[in-house]
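The letters A, B, C and D name the chains in turn, as written, and every chain counts its residues from 1.
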Amino acid sequence: MMEKLQLKIRMNEEIAPKIYKIIFLATEIVKKAKAGQFINLYCNKGELLLPRPISICEVNKKTGEITLVYAVVGKGTEIISTMKSGDTIEAIGPLGNGFSVDEEVKQHLIIAGGIGVPPMVELVKFLKGNITVYLGFRCNPILVETIKQYGATVYVATEDGSVGIKGNVMDLINQHNPVAEMIYSCGPKPMLKAVAEWSEKLKIPAQLSLEERMACGIGACLVCTCKTKKEQDWENKRVCKDGPVFWRDEVIWHD
Amino acid sequence: MTKVNMKVNISGVELKNPVMTASGTFGSGIEYGEFVDLNRLGAVVVKGIANTSWKGNASPRVAETFGGMLNSVGLQNPGVDEFIQKDIPFLRKYDTKIIVNIAGKTVEEYCEVVKKLATADIDLLELNISCPNVKEGGVSFGTDAKMVEYVTKQVKRVSKQPLIVKLTPNVTDIVEIAKGAEAGGADGLSLINTLLGMAIDIHKRKPVLANVVGGLSGPAIKPVAIRMVYQVAKAVGLPIIGMGGIMTGEDAIEFIQAGATGVAVGTANFINPTATMDVLEGIGKYMNQYGVEKISDIRGIIA
Amino acid sequence: MTKVNMKVNISGVELKNPVMTASGTFGSGIEYGEFVDLNRLGAVVVKGIANTSWKGNASPRVAETFGGMLNSVGLQNPGVDEFIQKDIPFLRKYDTKIIVNIAGKTVEEYCEVVKKLATADIDLLELNISCPNVKEGGVSFGTDAKMVEYVTKQVKRVSKQPLIVKLTPNVTDIVEIAKGAEAGGADGLSLINTLLGMAIDIHKRKPVLANVVGGLSGPAIKPVAIRMVYQVAKAVGLPIIGMGGIMTGEDAIEFIQAGATGVAVGTANFINPTATMDVLEGIGKYMNQYGVEKISDIRGIIA
Amino acid sequence: MMEKLQLKIRMNEEIAPKIYKIIFLATEIVKKAKAGQFINLYCNKGELLLPRPISICEVNKKTGEITLVYAVVGKGTEIISTMKSGDTIEAIGPLGNGFSVDEEVKQHLIIAGGIGVPPMVELVKFLKGNITVYLGFRCNPILVETIKQYGATVYVATEDGSVGIKGNVMDLINQHNPVAEMIYSCGPKPMLKAVAEWSEKLKIPAQLSLEERMACGIGACLVCTCKTKKEQDWENKRVCKDGPVFWRDEVIWHD
């Protein structure tokens, strides 16, 4: 059984313009959480009904704490950003499937952009072997040091060229021509699509974490679908329950 | 809290309590089964089922609005065969009634689903007549009283379980529509389905929903739902399942006092996964507080 | 903030900006004049005026609902003579347009008000066809396209100012109704009026409103209003005044992108007495942010 | 011009079961406020749109503070009761007409019940001469000492007999047979109606403070009406603007 949890906030701080890091005590979630899964945060503001899905950035099995990193983009995240250490936030989770980690794979390539970077932190912790990470940002990079700290080699691209190369993750890829046995990616749709095309050409298996507007977050309402292949045909799968992580081969791109 | 008698009878089927799930918001129960004990529900109303699998609309299919939400799922479902094979056996493990919501684009499609369900182990049928009628240019079946009477009559002829007709609120005169269903032989009515709405992303300058328009649900629509349940309960003798914005036991009592026999919880599940249980407990609390012995003592009590 | 051009033309009348007040929520301007500079409004739409004074319904006349409110004022008003004598001279002191909302129980009553206003110093007429038609058993004029065409035509024959017809959303097909108004010669359309709703006090076991049912307004109804404005703007060539739940400049932009020429702020005034000014500033901010030079550049931009 | 004010809460305490006393700094309101007027408090909770009208209990011209006393009866007052000293609450006011105080009158009679008592505190301060006050409560009397302190003679009735006589204000009246030149009354409708009948019989002028559900609170929306006499006919007056205080002779009772 699962329940709606009341989580005590330990920290909620702006780590870059409009980007917040929130830490709360969530032993029930920490026990089960996997990289690539997400949790539903409730805004607790009358007129905003739906929960906000936010990826798990880091779990700390020892302290029972969980870290999320979120961008303030609208009313819900705005409200969450005003919550203070000591306040309680309602949540359910962990939700979704998460990344699958294959112990045999030794050469990992992570490609993430913007607010798609946070889930990669927890992932890096669980990968064994060589980990190369390409991160793209509009301007202010986040979590670069954290990811390096877990032993990955990190390259950064920014659109304004303020940090790393000027450009996006595809420019990094074209520059480095990386080799890899497995790709993990999360970020804006155009980036994921480019990663999918590139990895397909190179025949490297890729796991892509998708985003879609949600209601229930647990697979019951069918509002969060993504087109996927099915034999000769296609079907709509649920991003919240069958995803958010999909194999590149499954996904049919549309807009 | 003393134990209250919450039994209700809907079209000949006895439910242990009036609390059910609103079609399309609770899947076939599996997912919310992680949060609530399905044995405690009066009934599970499953998502709309068609004769064959439907893919539904493009994404995004949801938009949050003030006190409500828009959805444009477009009745995605696996088709009646897979439903019978997978979902009924799952639900039958629980001590709750099964109500199957039926979708169709033609009268023939509705009938086909109902025929296939004739031998299935389910308790009640709920006919969703908000679906677009493809033979009539896509206008919803539920917006014309004559059409409602006709489709109800046709489905009734082939149905083995009692038939509840679920009405759309997007009509000028809900009473006239309800009377159409009654004339067609409906055993009960569900109301309301969603109000047709739309939201625009002013920054992207396009509709939030890929489908442009969608169905508005949630507490925002409760006053419209209460009004319609009240009007229909006064005019028609059939049992009513009331829904539209029920979040608490007090909301449910409001529907019951307006004339509903059963109540269904929809959008509230998304806001609070144990909403059905909270509604159930809230009804019990009210009955205890006011010494209401059985639900029928307060049903339709509003003059 | 650079100065943006907010001028809009509604049925031949130029407004300095698209922001107006929704009829019945702003009296005749005197009360809110304490909070806002009436000179800054595109227009003041006054409360519904009938041929003689109406007492309105019994109290309570208001119920708060989730994200909205119900009212059953019942068009209390002092009658057109007192209105002409007292309210027009007050409003004329301000540099804003005057739109008079007209109530009636028969076509003759509507015409009588309009005739009396023929020589009055006002800019536009807004015909409220949500009123119950006493000759037709109290059904609202606005629910039948033929009736809408007829009443519009009759009023148009005696009106001197351009005539805007204000539609009720409690209909199956708003486009058909809008076309009725167009066929009758309307110069513009206002939508939406309130949705019919009801609330019950479960402790007292009676309706909250003395009148039992009332009109639902406020942000809860915005998705329905946006959908209707969008549908009507696509189907009919008349300028539209959009309303229903506008609280902010962003809400107003949503209506404009859906196809509205003007926007009216109603219930939001009660929540925030300077709501009209906030909406006005919000529109300016959006136009600046996106370099929108004139409002018509984004009007009806949604495909 | 008036505006929506952001008022700093100085105190918000439960003074009797479910009855709170709130004090805030409101110099703009204090300047203009009169006994019997009210202010509109906004709950600042998304789905609750309408302001809550609450009578002015006391104003302190020196400190610029205003005191209200309110009962927690629903969602709005519940939320207001959770606000803390230091928080800000939105409000407009003062609203309504207030009691009229005639300097010639020397024998005043105040009759108030339950949550109708608070506005009488500020009134007592402004009355000159003899002031007799009858207060009725279900059980826990409030503000009795405060009113006494301003020089009034106070009698209390409680329905459960726990304080004062067992009964209601009409029982007090029947017991004391008071004489008065002017009556001021506020409380539940049945009480006001009884006071109206009694005062009419004795031909003592009476000012009654009425309550009605409101939206705008400033006279624009016409939802808060009360039936009043008008020559041969009757009309609906606005409780918020033409009232809340009406002369007994104006009011037509209905239910």
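Just so we're on the same page, a contact is a pair of C-beta atoms (placed from the backbone, for glycine too) under 8 Å apart; a residue touches a chain by one contact, two chains touch by 3 or more.
Since we're looking at a predicted model, the values are computed, not measured.
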Intersection of contact partners for chain A and chain C: B, D
Topological distance between chain A and chain D, in contact steps: 1
Interchain centroid distance [CA atoms averaged], chain A/chain B, Å: 35
Rounded Å distance, chain B centre to chain D centre (Cα mean): 46
Euclidean distance of C-alpha centroids - chain B vs chain C, Å: 34
For chain A, residues that touch 2 or more chains besides their own: 46-48
Interface hub residues of chain B, defined as touching at least two other chains: 63, 66-68, 219
In the complex, chain C residues that touch chain B: 63, 65-68, 70, 143, 170-173, 195-200, 202, 205-207, 212-213, 216, 219-224, 226-227, 230, 245, 250, 253-254, 257-258, 286, 298, 301-303
Chain D contact footprint on chain A (complex, rising order): 45-48
Chain B residues within the chain A interface of the complex: 24-27, 30-32, 34-35, 47, 55-56, 58-64, 66-69, 71, 73, 76, 208, 218-219, 267, 269-274
Residues on chain D engaged by chain C in the complex (per definition of touch): 1-4, 42, 46-51, 92, 212-226, 234-236, 241, 254
